[in-house]
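Scrolling down, you'll hit the structures one after another.
Consider the two complexes below, in which chain A is the common component and chain B and chain C are the respective partners.
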Partner chain A sequence: MKDAGLSVEMRPKMVGSRVKRTEDPRLLSGTGQYVDDLHPAEMVHVAIVRSDQPHALIRDIRADAALDVPGLIGVYDFTDLEGEVSPAIPSSRMRNYYATPIWPLARGKVRFVGEAVVAVVATSRYAAEDAAGLIEIDYDPLPFASDPADAACHDAPLLHEEAGTNVIISREFQHGDIDEILHTAPVVVKGRFRMTRKSASAMECRSYLAQWDKRSRAITFHTSSNIPGIVRDVLSSSLGLPGHRLRVIAPEVGGSFGGKGSLYAEEILVCALARKLERPVKYVSDRLEELSSCSQAFDEWMDAQLAVDEQGHFLGLKADVIGDIGAYSIYPWTGALEPVQVISFMPGPYRVEHYHGRVRGVLTPKPATGPYRGVGRPSSTFAMERLVDMAARKLGMDPAEIRRRNLIRDEEFPYRTAPGIIWDKSAFQECLAAACDGADYTAMRAWQEEARAQGRWVGIGFASYAELTGIGSRIAVAPGMPINTGTETSTIRIDSTGAITADFGIASHGQGLETTLAQVVADELGCAFEDVRVRQGDSEVAPQSTGTYASRSAVLAGGAATKSSRVLKAKVLRAAAMLLDVSEEDLEANGGVIRSRSSNAVLTFREVADAVYNRMGAIPHDKREDLVSTETYDPYLGTACSSTHLCMVEVDLQTFGVTIHRYFVAEDCGRIINPMIVDGQVHGAVAQGVGAALLEEIHYGTDGQLQTGSFVDYLLPLASNMPDIGIAHVEAELPNNLGGFRGMGEGGTIGAPAAIANAISDALSPLGVEIETLPATPDRLFRLVTAKTQEISSQEGNKK
Partner chain B sequence: MTDTGTVAITVSVNGVAHTREVEPRLLLSDFLRHKLGLTGTHVGCEHGVCGACTVLLDGYSARSCLTLAVQVDGCTIETVESQGTQDALGPIQAAFRDHHALQCGYCTPGFIMTVADLLEHHPLENDEDIREALSGNICRCTGYQNIVAAVRELAKARGPLT
Partner chain C sequence: MKPAPFAYVAATSVQHAIEALAAAGGDGKIIAGGQSLMPMLNFRLVRPSVLVDINRIPGLDRIEDTGKMLRIGALVRHRLTASDPLIAHHVPVLHEAMNHVAHHTVRNRGTFCGSLCHADPAAEMPMMALLLDAVVEITGPAGTRHLPVREFLVASLTTDLAPDELVTAVEIAKPAPGTGWGFAEFARRHGDYALACVAALVESRDGAACNVRIAAMGIGDTALRLSAAEAALEGSGFSDEEITRAVSALRDEIEPMSDLSGSADYRRHLAGELARNVLGEAWRRAAPEVPA
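The block that comes next holds the complex of A and B.
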């Protein structure tokens, strides 16, 4: 084991075990507290009037009728907050970029249907909505281009005139001479791939509660966010309040998947109103607001070509991507986060010598796109893995074999990809082999043959990918973003009662970090797991943190926990050595008990704490140290998490519905802290990938209106859509970071769309159907199959 | 109805009788969460699709976001808070914990109450049956596999429906 630095007798016991979660009893008994469960006295409620126009000037706002509603406190538009807040600016060092300012309410112009225009405050949400319904807004509609290709044209109507263009992001990666390769390669496959717009759709809608404390002139802001530290920092400048007068707490958060991982206008709004009204102000978005104003995901068009030699070796790849980033560049990640990752990761886990990737991020009148589980890579993996299967089919080669020939091999690590990403050693090849073994690929093919002989449409699909997780300070998580995403801090203290509190800046929202981080602390500190209380999701417990996203918390917070525990343990052992009059080296700590190896002397952590804090003179005054440590961890580079998914699907001949018969994931996520939690992350992420592949699509009409405003139209996977997922953990070599962890929460969503698209294409290969657009809904499949059958029959007709 | 437009209702919630004056339009979900302070019941969609708001109404699962408080006058309601406490989890809660059938926990109260109904009234003979029975509740976190495992175990412990 690399870098773990542990003697055999102190081998970890909690890390690696299926420890039941600390969070569960409160969540299961209904005692967890999400933002909307908080009811401070004097609280008032906000309802928001949102734009019904995609692009328009606000001519007049008439609120007279609303003023008579019983319980109304006030009606506010942007003029009422003028001078009280400054906008959040999603800045970046990228060239040719325009950072769209983010204000709490629309200022004279609206840029998407769903944009917040007026805030109505009343003593109950019912009254606030009554009043909101009586407010009339007159608009002067402006022209707009809803399609990103149209919006990218030089004469397109501009959403932000100041930018001078709708194309606010453009980036290119070039390595080698791709055009020459495409010209001379024996085999070239290509496609125009489309990953449609999605919604993260956490089950808890965004919820905010700001409380103004008159005494300390401070705000406590409860937010359903996974980046409370970032929210604190930006609100501090937006509201002009120093950090010690602005506490941001993410209590229980009902899922995020990235949807709650950006700053929202409503967060600035609620805080500004609380300060203005000097009362607690709550806003809870409803599902329609969530689907029409929460950040959205993906939405790319990807023209891609892969050149291959006769033996199936990849020669070169070219990708031209248009990302529809919506009406604003999201804070803090910018609109570049999603589309730029598509071209950064397009070559995937393969050896690709010649590469040209180009991307443009285009403003359109829709909600901003932002982070969503997998970021960029669900799209890039979909395009690349489709090309790989198309090439295999053209060569008559097994899809497993073509991957085997091109996946980076052990001796090639560390491998620098054409766009400059460095893969550290991870089980790229082994995951492919493990997926074939674990799912019994040979038997699957035999089963498929039988089904095909009966005229059924059954297909098998692979997807191999690698993701960069636990990224340190070498590169920002989003391109050119001036925020430090490369470190996390942990403060661990043992107090005078012997209680152990471990504080982190990260913000768990379903990952069970209170459990996993306590496992790490227990092992590294040598205390009992039950004695550790993890505090997180609170800006007051860490000087700086950016939160939980991008598969970073196990690596960064786990590393900080390890470092901090080791420093604290040394202090505990130094104190114990003095108390027992033995040398520190003679002591070991395990399960909260410190033992001398040479004698039978024993002390508990509690006894040491008591001696240090409460018993004057027990420790010489000049040797006494508080039992506290604060350490920050920076893994500097990121680490690869690699995986292969393998699935078998069937397309129904009548309904064109897709059933997943078998699903298998083999992955290398390094040292596993809690296998139960890791498997749960895989299941959940694959389900979201299944949604992206088969069900989920946010759709805007050419009139700029949202057509999928409820869960009746935006379909999420149900228990009946999901198969059981088989999982194999491959642990090749531990990464060179503290603890040996790799991040793994997002992978399932990266692999599943590609694997399923490949399986459907395989099922329909007798007809020559290739899936290029996801989700592959029954409607889309019906059209594809009908078109191909007509093509085939007209060809046969011509022959006759 | 009174002069103020409110209606007096009496409802038994988790074994306790509550008499309240409520607006006729008040949703049962809001009544439970905001009038009685029983915030274990969650709201995920407000239109009957996600099942997060599921409670038992006279012993059968019902969507509290689609039910008005005035409709349950004289009825018996059970919410997740009836199933056990942090220190003494009930059998469904314990099975969910053992099988890691929850992550963010937001959908969980709705699932627990749905399962409470299913165990009383549904054969739950095989996984397909269980998945079908659970398909009125959405969980965005777990991919359902561990929820199915928890229900499978509960159904086995229950035995065939009599």
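The block that comes next holds the complex of A and C.
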């Protein structure tokens, strides 16, 4: 509405349009360039010998047989890199935390199956793998506790002796007196919720290429990362190279979903080897390595209780969470990122006055857990939304009604949650209403009744949640992390040919940011969308940046784009005013054309650039300024993105397979830059959530071995698993940041597991089955139903 | 994930392939579609010294009607089996089964005979070959032999094929006209290896079932013929009670394994439920005049 006062020509045109992604022509025609598409001369390949032991001392490494393989360049273990690199330390100001150092190769001890032990370098990946297969490693196996509850015991074998414990993270949030509430509340529901371990499983596996330039003694490192700036900064200290001798580029990146959002030991390794060998060194992880050494997700046990009164008002919540964080604390987020967010977001978008959340992050011999789309909230929302439905069922209340009574209302914003998260005004209530309207909740219930009358197991599930997005410098994205995640910088320049280049530190890996940021620049600068080239994912184009993660790029980079576009526009108009001999206030710019309101005289951006740069004297010499601007944006606080998911599922009576009949998402992401991209993010994230709800589970045996080492056993959702997804965009009030954007790339993964779990529980409610573990596989459902059926029939037997 | 080094022979005739296998001294491997072999090579689970490619051998890529039999050549892709009018007409149960075989990319390359030789306990081809009492045509240095598929399939991923032999075709006897059939499979995702799969054939003679054939997979070390359940139904009228008895015979005679995808109890339950559906369906097709 605030645009209403502007002239028609000045109204934003690109933001809000369904602009086709400018990335797509190259990506869809196979001309995109990923790390593995780069083949510099003299390049060598790395294969990695990984630990087959969950916890063991390395006694001996024998590589003699490997040395005869044709094409072999060298075999390296940690001793070969001593003194050449220092470890990455995922430090934090958190109390009760131990930061496990990250070295490029295991140093004398391995801590999970899949940990990198030996690097084999050869002229081809084939030769490298041939040689790797001939390397023998003798281990002295050590005892270990694979189950986090066992590993948390005081007498458990320690993975990192220096830590003195496997419990390297513990945190509590307390507000009010929850024990008293639980004691006196009319209704208390509880569950032991389990969100199992997942793999982010991006289509492109992690890929790295380091090139050593002898002339400048510098490294150019191409990495399939979504945090190239963070990687640059940590490698700078690990390798002892200043930033101007260390350029980190994330070229096309084939998805991350969080899995490429942390530093990996292999990134240090590849750079160290390139410097050592003075040759380009490439490492491309294969799918087995990806499933056994890329960061993993979730893996929490959540004991949670919700107290409510007879009218369904929430009185208090208690949660005790164990997070299995794997063998290392991940850089830079630390192992606290995921489990601490579980308890800091557990109360969700609801009014919950009394709260006690406790979490322990426990080391076990598995790959480190790290960011995964949704971080923490897929788990916390699963637990909370299940409790909400259990409470509604106990009270005989409609699940939509109990949410309506507890979702924070308009007049309560800004609302500070018990753990201290501040929700700015967002469409919490409106999304619930929009989901019910959009999906026709009344008709869904009628359909369900009909199906139930035929003996079918059909159920309906809600999930309402809010996430904190676009977080500024008030708090670090991960607890206590000493890295600035609160700012982003943009440099926009118009060069002497009139071309407009917009540089950002963020790193798009599928989000279409080259398109959306160009939309913002076009509107704010008044240039043509087609004339803007966005450069990103390159540490050389911004002095500092942390990248694209945590639903921040639209808010932070969008804000930076807005700021620097405005400064640059003022420069352009100042020059144009001199050229046209009118006042700056008389000028407006739109679509690359600057027009004088009074005289109708026009100049193009290109003509202005030509005058400024090429035509000496066109601008008075003491008034001339380069058409460049660099601005940094810090939204300081974050902004809430809220949503309600609503779905209907059917459980097959014979096979226990789950079919999703209907799926609807209502969400508030503030001002929409590109509706097509927003819809795509919702579709993709819901698909990922469907995987978490029904299919995906990383399994480790009690022997510490990975049992899901390929996509035959780790099941990702297929197109045939996906329902049609209805979407309603609700805009409550624009958030108080530049542009009015909220981050929205993660939400679907947060809502879908909870909504599906609630729908399955509703479908099986005649039997009293409550879903507490995801994924809800046919086997799990069979066992739950069989147990309940036996319970019911034995009760009936007792009555007789 | 790259294969270990191997020599490669592009055979131009069956004889050429046999000679190449013989020259490999027991360490050769035939490649046709490669849909199971290539992943095993890349995981280095198999490391043959010679890979004998039969894709260029003429004449193996067709399905032929030899009168009583249909002959499926060694290079017949799943795509062809799924769309072939002879199969659809004479062996509709196989036509139906093909809908559950993997995805298009796999079907375009994978072969019926290759899948049979791989002998995966949760793949459709070994089970369908068992159901249909197929005969395997095997060519080796000593000439050609014919082996019933029951004897060909020895154990999980193991067949009677000698290292110097090649399966050149599979022959399937056309079921008698009017044979009823049913097929049901359940996998966690369409195209995956089955959690359980059951198929049945039955003929009706004056309302009495004869030549009852029931096969299953995903519930044991190998694809199975379920003889106890077959015997329970032979001569019966396929009443609900008789089907229920057969289903419990089936549940008793199988020994499913527990793995990541499902417990033994679940698989036993699932196999029984699928069998119940499949038997009813087969009987309705065999005896359409009898109300189900």
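Simple rule for what comes next: the second predicted complex is superposed on the first by the 791 of 800 C-alpha atoms of A that agree within 3 Å, B and C clash if a C-alpha of one lies under 4 Å from a C-alpha of the other, contacts with A are read in each partner's own complex, and residues count from 1 in each chain.
Methods note: contacts are C-beta pairs under 8 Å (C-beta built on N, C-alpha and C of every residue); 3 or more make two chains touch, one makes a residue touch a chain.
These numbers come from a predicted model, not from an experiment.
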item: Which superposed partner A:S599 touches (first chain B, second chain C, both, neither); value: neither
item: Partner chain(s) touched by A:Q707 [first = chain B, second = chain C, both, neither]; value: second
item: Which superposed partner A:F782 touches (first chain B, second chain C, both, neither); value: second
item: Touched chain A residues, chain B compared with chain C; value: B
item: First (chain B), second (chain C), both or neither touched by A:Y126; value: both
item: Partner chain(s) touched by A:Q311 [first = chain B, second = chain C, both, neither]; value: neither
item: Partner chain in contact with A:L695 - chain B first, chain C second, else both or neither; value: second
item: Which superposed partner A:L718 touches (first chain B, second chain C, both, neither); value: both
item: First (chain B), second (chain C), both or neither touched by A:D286; value: both
item: Common ground on chain A, meaning residues reached by chain C in one complex and by chain B in the other; value: 126, 286-287, 710, 712, 717-718, 720
item: Residue ranges of chain B touching chain A (in the complex, touch as defined); value: 23, 25-26, 33-34, 37-47, 49-50, 52, 79-81, 83-87, 89, 93, 96-98, 100, 102-109, 112, 127, 130-132, 134-135, 137-148
item: Residue numbers on chain A that touch chain B, as the complex places them; value: 20-21, 23-34, 36-37, 39, 126, 201-205, 252-255, 257, 286-287, 509-512, 676-677, 679-680, 682-688, 710-712, 716-720, 722, 724-725, 748
item: For the chain C and chain A complex, residues of the former touching the latter; value: 1-5, 39, 43-44, 186, 188-193, 195, 260-263, 265-266, 269-270, 273-274, 277
item: Of all residues in chain A, those that touch chain C in their complex; value: 125-126, 129-130, 133, 286-288, 654-657, 695, 697, 699, 707-708, 710, 712-713, 715, 717-718, 720-721, 777-779, 782-783, 786
